[in-house]
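Chains here go by letter, A, B, C and D, matching the order in which they are written, and residues are numbered from 1 within each.
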């Protein structure tokens, strides 16, 4: 599906969205008449300092407007831009800043929904899709931390061996199903069904805690994370009371 | 990974009162040693998971010397090994004993 | 003749293990570990790759006191799997940051990481996203989350993104902060753009001094555990917000950085633009001289 | 005979041929290929300057680019086979026969080429031995050397890396050979004349410095606790009791640890001024703390070390420097000093057998010897006494008459019982023997012979071989410090215990050393940066060693 198809499907009543370079920005109207902000990165582009600062600027403007309208963040990117210039300028701060603005928006009453419709990887994935309150994906999306050939080089294992191992566990290999099973993606939308109602349904989802580790446990892709995190929270509570009394 | 287990009679009981101690890290050529007070006072058990295969005889010699020379009685020792050389293993084991015998603060 | 003092009392942060760093950082004897090595909560995934496990999965978490005040602490062990985030490792940190909110206690994160652990890449990537969210939520509750960077593995990949969410960052010269590693840049861009074996280049692009000069870190300290401790005590006194004002200030700060330095080919040009006298000498300067030279650095006070 | 002067005439022909491509003595770089083709003759004995440090790299590449149809059958006589081009010369069939000393980075390729009969091997020498043969039966017809700068008359300035150059030029130029130098630049006046222009026939202006390998830079960050333990054992168990003041150190991490322990552990033992005052040694960066804290009186150097130039120049009280201020190194003189004027050599090796022979050769790698067999041998011609030399001699032959007894140089092999990848240091049989058999060599490439070795130091303890009276004792003394290697585990525990009672074997506890005290915090510098700071910023390490 092209970006235009997706936007048309999501916003049958129309939208005012522009794509400048690899950056998507604009507004649309939900079927119930409420406005929604649309941002994103497209064309499988890497996310560098220049793109991140633009996107973060848009988010901050939205938060400052005080309209509490939801934000849809579309993602079809590569990984972070792997260049000397970006690192020289402190890419980590720019990516973190973008993620923080999205987390801020969610906390300030804007529902943030990520829609992964293409690729995304590593730092770019963390700073965009994974920083939204709810992340959904379209079939064919292909998130990754690192591609298998690169992984093969680093782990010094042949691709075939890695592929065989990937059959046994969703925990390391790239791909939409693996990322969903580990809890990173809330739902994969059916491409043939109308998109607008799906978006509306996501908006209905009660706002709350980060439940990705629980999803991962439920789906069997990440069995330990939620339980470990819960135990730490519980231990911190009991040990502190103990310490205070002792 | 290769797993090895030893249950040895220890002539000397580990001193100190700490319940446990840990030394080292798992890295190439390095290992971590976790010591816990769990065995009877005259026994030392040692469980090893090692990345280097086929060094059973060397481990056997190293841990026997260790238990004979140091105060390892009453300890359950667990090792995760990243392919450390025997001298490093012996050093970490000795460091572990010193640490578990340290006075508690 | 210069007197050479033996390093008998000092503890090099760079060289120390995660446990040694915690011991040297907090008030003596005050640390209590959560999910310690005796519980053997190891990675369930490394066995698939026939790789050795570590009892604490490469991160030590718990509570201690810093100058009398209770504080939650996490320390990554950079020598185990490069300090990388796996499922258990990451979840321990996530849990600690969630506990910070529940107990209303500040957090110190002693970074030493190459980023996501590839053998459990999806779990590691998600852990980083969860930790970042938990950091922001803790900060919005008025807590400080301070990052300390000066270990062997640096603070790379997703670790650097978590670092960017912290309220304050303390760095030593040895500390490196970067998303992509030197080898990755070289592989992607060619050795002409970035020779990963040119360590002087690596450090002046990603190292502690550069990060401090451009405002990527807030405090610059010697490679000494006590220096980190002192800085951590100070860092906990400030920066307890993460609201739109702070992020707007950060937006302005980061935009200004692009305007001022966006065309620079090398860190030395940036240092020159910052008004540092003899910018090529920066890497060789001892801490006190460097701090004097860094007088006109960019800073991120209340803009992080 | 009326044909005297044939060599002078032959040289004259080469000079005439060479001048076609020269302006005075200067060869422009573009003319270098044609020039070399004109002055080098098939069958020539050629010395291509290069050792374990400096390299006449431009000339090496040019030689390797000759057409074997024009020039072939060269006999290379050179200290180091170090650059890929050094072996390309053989691969292409330009050269056939080789006499050399050292081949560190090319050790695997040279082994393959020897097995493949691409190289006809004369012999593997120690440096001083090869230098000696330059004056007897391996005198070069052509020497291709390297310097920093030259004037138009060919006077050469070598800077701190003089190294082999005077020896090579002496042997070549005074015996009617042709000397060609590559220099970084041509100047009006050289800062000091290291080689007089009369001896230099042509100069190539390379436009960039010759390559120098920072071989003697050991990063303190890589020193392990076990290496520190071996260093503590050596200092307390050998340096102190023998009172070793004049010595040479090898290039390994164990000796780097010793250097870094002098200002800390050595100071605590009260050894300052009593040991380690005079060295035949390159300017090791790890010596900086000891020098700065006043341990060292004097150091003579084989060569320089990358990044140490300014430091050495600023410490002319310690080092030999010229009127230009920079280091004057000289490999031949320093090797002679190491042989005759030092009471101890201490260094690491790859393999030690049950008799105590040691070698750095493995079945797939021929690293050569460099200077080790020279440093690590007892000079039979030595006549001056010294306390350590006499004491060692007395231990070796306690019953002989003191006035008629030769002393012994202390030759110490130091290392961990297992090396990289858990490869044992101790073996039943040296790989060198197998190699000699395969290559049909008359002599196995042994680095230090058993009868020269006096002590072996490992983390398990010190074996004093001087005090062993029988072959069996010697073997058990070696097994007794061989740790958990197969050799060590096959020891006769009773015999080893007896040797320990006699002090032939000394364990850490016998010397009052707790292995748990072997902590990196004992090192006077724990990183290259510490070394730079200790030097007051004078030491400028190469980029690849930096972490700042």
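The criterion applied here is as follows: a contact is a pair of C-beta atoms (placed from the backbone, for glycine too) under 8 Å apart; a residue touches a chain by one contact, two chains touch by 3 or more.
It should be emphasised that the depicted structure is a prediction, and the values quoted were computed from it without experimental measurement.
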{"item": "Chain labels contacting chain A and also chain D", "value": "C"}
{"item": "Pair of chains joined by more contacts [C-beta pairs], C-D or B-C", "value": "C-D"}
{"item": "Chain occupying the most central position, where position means C-alpha average", "value": "C"}
{"item": "Rounded Å distance, chain C centre to chain D centre (Cα mean)", "value": "43"}
{"item": "Centroid spacing, where centroids are CA-atom means, of chain B and chain C in whole angstrom", "value": "33"}
{"item": "Between chain A and chain C, centroid-to-centroid distance (C-alpha), Å", "value": "24"}
{"item": "Of all residues in chain C, the ones touching two or more other chains", "value": "none"}
{"item": "Contact graph of the chains (line, ring, star, complete, other)", "value": "other"}
{"item": "All pairs of touching chains, each written as two labels joined by a dash", "value": "A-C, B-C, B-D, C-D"}
{"item": "Interface residues, chain C side, partner chain D - complex", "value": "1-4, 6-8, 10-12, 14-15, 173-174, 197-201, 203, 207, 209, 283-284, 286"}
{"item": "Residue ranges of chain C in contact with chain A within the complex", "value": "32, 34-35, 41, 44-45, 48-49, 61, 63, 70, 72, 87-88, 90-92, 94-96, 98-99, 102-103, 105, 116, 118-130, 132-134, 136-137, 140, 157-158, 160-165, 177-180, 184-185, 188-189, 193-194, 205-206, 210-211, 214-216, 242-244, 247-248, 250-251, 254-255, 257-258, 261-262, 264, 266-267, 270"}
{"item": "Complex interface listing, chain A residues touching chain C", "value": "49-50, 53, 56-57, 60, 63-64, 80, 82-97, 99-101, 103-104, 107-108, 122-123, 125-127, 130-131, 145-146, 151, 154-155, 157, 165, 168-174, 178-179, 182-184, 210, 212-213, 216, 221-233, 235-237, 239-240, 243"}
{"item": "Residues of chain B touching chain C in the complex", "value": "1, 20, 22, 25-27, 30, 32, 34, 36, 49-51, 78, 80-82, 105"}
{"item": "In the complex, chain C residues that touch chain B", "value": "17-19, 28-29, 36-38, 40, 47, 50-55, 77, 79-80"}
